[in-house]
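Quick heads-up: structures coming right below.
In what comes next, chain A is part of two complexes: it sits with chain B in the first one and with chain C in the second one.
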Partner chain A sequence: MASARQLAAIALVAAAVPAIAQAPPPVTFTDAEVRRILSLGPWPPPPVVDPSNRVSGKAEAIAFGTRLFADPRLSTNGAIACTTCHQPGRAFTDGLPRAQGLARVDRNTPTVNDVGGQRWYGWDGAHDNLWAQSLRPLVDPREMGDGVAHVAAAVRTHGDLRERYVAVFGRPPPADDEVVAVDVAKALAAYQEVLATPRTPFDDFRDALARGDAAAMARYPQAAQRGLKTFVGAGNCTACHLGPRFTNGEFHDIGIPFFVEPGRVDPGRHAGIRRLGASRHTLTGPFNDDPVRAPGTSTRHVSLEHRNYGEFKVPGLRNVARTAPYMHNGSLATLRDVVRHYSDLPEDRLHADGERILKPLGLDRYGIDDLVAFLETLSAPLPRP
Partner chain B sequence: MNPRTLALLCSLAAASPAAAADLPIFDAHVHYSHDAWEITPPPEAIAILRKAGLRRALVSSSGDAGTQRLVALAPDLVVPSLRPYRTRGELSTWVRDDTVVAFLEERLRNARYAAIGEFHLYGADADLPVPRRMVALAKQHKAVLHAHSDVDALERIYRQDPDARILWAHSGFDRPDMVRDMLRKHRNLWCDLAFRSEHGGGGKVPAEWRALFTEFPDRFMVGTDTFTPERWHYVVEHANWSRAWLADLPPALGERIAWRNGDALFAFWKPAAAQ
Partner chain C sequence: MRFLRIAATGCVLAAAGAAVACGESLGGARTTVEGGKYTVAYTTSPAPIVVGQHFSLDLAVCAKGGVPAPQSVRIDASMPEHRHGMNYRASITSPRAGVFRAEGLLFHMPGRWDLTFDVVADGATQRLTSTLRVE
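Right after this comes the complex of A and B.
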């Protein structure tokens, strides 16, 4: 952070002296910072195929999932589809602080872009695979339904759905409602696995850095470079927002209050681990199509700890400028609010030994501008109308 | 009493848990700070402690008014401890804040405390003037020191007052072998297990912790650590979680850690009504 402030200060001084001094100083990165920047790519990653989902990567399943995702007949009132909250035109979010399905939900709608290949799903990580996560809103009374029966009935009774189901799964919908509903969820997962964010200005900079192309690097805005330096340097943001997806896929308490309403708390990861342990729809359960079942290791070994109470998943940051509002409860309206939160981090809300890596960034207004500028380059420019 | 408080109290009364009757708990690590009492008023807070089946709770708050409100409502339940913090944000600044001394002296003149803490104190900071004065005040008022500290700071406190009685918050987050060394060295050291999970995850006590508890059956106690307002809604669950792993120990040992050790350490403390 000190570096970014110094840079900003230099830029201010430069503005007050003759024109020859007005060019901002170039941003330089240490070797460690360069390594961290390079680790944030390349993008896009290879396509994901989920071995626990037998229709993952299959074109017919992706097409079926695409239709199901927008089909309100999967909801009990026939009016709510996955796209009600995961709106394609809003980067698969809804713009609301907390989702609104059949009722108001406790949490913010996360994007489903880049959702394939993760270890845990949901703000609380209650699921260890994408098809189980896809089933959850279908059977949640606050979101789309009240169990697996209505999902199975929709597939059995609507000819177009039944026909596509047979084409994808090679048999008519069986009598077991749960089997049908999980299959529907697997088709939905197959679709979501292919939802990838496009390359961004940051990716162009990162790749130019990798090949030593100074001319291409220079096209990346100076403010974004300063923000990037904070992100990978003094800000230590890559402690959690790491890798090409900008997330470690784990859970942390970052000082965001987690009361849902007076007298009611969202326990986050703590409840998620309990739900994971009680679920049949895990990589260790009977619906995993992978005969090897190797991916279930994390699920078998996850342990419930006191620190999990109030932890929520670290979201990826790709397309982050398109997914406001932010945090598990949508309590921060803008990227600037998010950066301010980390800048002024309420340390007294963090356990002294629970989240040692978190320290207030202490950014001034220029530092905040720079970090926001960097985060905005993690989204591809919107297409011209 | 507002409707929400009334509803909570009714629900807590109606749902008196069976588990609470099984094994009382002395919760040695409860905070009730300014933002907690704004959200969970004292009657609700006391109702939560009773629902959890707590026999007593060592309560400290930032600022002290939270503790005083709970003591006034439930002197039989609340064992008051004085934090050197007026707000929770003073956690890392108090050691160099001279006004803390006046605050502690004023509070100790006007109220009775069984302990001073929980405070955060590490390494050489323990020899700064403010912590030194705090240790002296604890000696003067016969109060236990509830220290969230590393080994270095504990040793410095013991050099200042070899007879100090220290409750080591979180057992220092140290490994069992380090905790053992300290317990062997200092007979006036007790440990709380707050915000640690490794000694009882899944209701099972690992061998190294079992050995430690067995060697020092009279030195450990449990604690929730309600360091944010939300965590008051974790007190009941934490008590039940504690009962689960305590049941993995011989009954007499489990009972000691559950409440007898806390009762013994604070045996000198008598509620105001009983004085």
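Right after this comes the complex of A and C.
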């Protein structure tokens, strides 16, 4: 009679031999995994129109916003434009861990692709709409400016800006600097709303899965399929990175250190909710152009919790291979570093009294490769030169 | 005689129906939660709830025999498995006695959520809990 140990050894050999001799078995998904994969599309989404911005979706505003976005005259030193940090050739990021404007900023520059229609803007969600978020760098002394007066003066004094302003808003720039600056921000928002990432290999797979087209599904690399299975399955990534943009639009602490420098922390969402409450440029404030004010629901109901301390917005993952470095402070250089972070997760760094969602994935080298391969398929292949 | 009997049965059914049909006026597919003193029936809008999107609740709170009528209700939700609540606080209005509307709720993650109704009447509170799974 064979001992239990012998049987185990035979079973091991039996399992190992075919794995070496043959290609790995095709990836199969459970029903729940299929539903999760389908919920990550379709792409692209319908165009965004922002009812709080009366020039949203208007061609002339988009054209004006396109110019403003690249115009350094909006900055106090005449040298910094939105494109200094949100560089079109770098997927609207700057490649730096932390942004550099008039001074160094505490946070990493996020992309402005697919930026329309979000509930919260900024890593801390201090703004509930795109035009307020677009005004902030103009009046932030670390980024471009020192207040609304400089922005309004630029529009009044430069003939080309003034002319386009009148064409978009139907009146000359009024005397109130804040009104002019918010209008400029609304044109900038109209432009950014049309910045969308294209379809990706993942979208082709997802749609093939939806129609049950096995031949088209087979064109999606096996490594990406295995990584996708981890993403929607054991990795539980879709707990937070969900929907077609791969984000729930809310805030979590995933154990990224929040020290900006020794002795100074970035309180993240906690400070964001306080800044939101102090701002005039919210959907509940006087600059919302929507007569019914329906979209202010989130701002009216958001609640400040102790756990918000050190929480940051869940970033969308479309085009993520092009937006390194990663996290609110740019502390992880590559997608491999990000996946390693989730794999080894420093549980002691997650707040002891905080939420219990993440646990270390403990992936081996191959598991890490697969998850990285999947994340890379969330970007469209670059056009051939 | 036969006709009379049918009519009588109809009557009995209607009376029993009135006892269980808390929140009849809400229409649609209601979820009913039974507590010791109260029954809560609610509908959500949109239905089903979409993860990451605001939803509202319309609910009826029905007192069982001899129990004081509900004066107010507090509504909250949490994910016990993740040990966190919502990021939003529901606002509640009462269009008419025993009927409430809660707005501004949002489930920001898929999984199990416990929706709690704290019914307040005569200084006492009874908690009713409805467990949902959202995807």
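Please note the rule applied: the second predicted complex is superposed on the first by the 362 of 385 C-alpha atoms of A that agree within 3 Å, B and C clash if a C-alpha of one lies under 4 Å from a C-alpha of the other, contacts with A are read in each partner's own complex, and residues count from 1 in each chain.
As a convention for this text, contacts are C-beta pairs under 8 Å (C-beta built on N, C-alpha and C of every residue); 3 or more make two chains touch, one makes a residue touch a chain.
Only a predicted model underlies this, so the values are computations on that prediction, with no experimental measurement involved.
Of the two partner chains placed by the overlay, neither chain B nor chain C lies in contact with A:Q87.
Applying the stated contact rule after C-alpha superposition, one finds that A:F259 touches chain B and leaves chain C untouched.
Legend: residue contacts after superposition of the two complexes on their common chain; A:F251 is shown touching chain C, with no touch to chain B. Once chain A of one complex is fitted onto chain A of the other, the partner contacts of A:R307 extend to both chain B and chain C.
In the superposed model, A:D348 lies in contact with chain B only, and not with chain C. Where the contact sets of chain A with chain B and with chain C meet, they give residues 303, 305, 307, 354.
The residues of chain B lying in touch with chain A in their complex are 4, 8, 39-40, 44, 87-89, 91-92, 120, 148, 170, 173, 195-197, 201-202, 225, 227-231, 233-234, 238. Partner chain B is touched in their complex by these residues of chain A: 257-259, 262-265, 267, 303-307, 309-310, 346-349, 351-354. Across the interface of their complex, chain A is touched by residues 51-52, 54, 79, 81-91, 103-106, 108-111, 135 of chain C.
The residues of chain A lying in touch with chain C in their complex are 35-36, 39, 238-240, 242-243, 248-251, 297-298, 300-303, 305, 307, 354-357.
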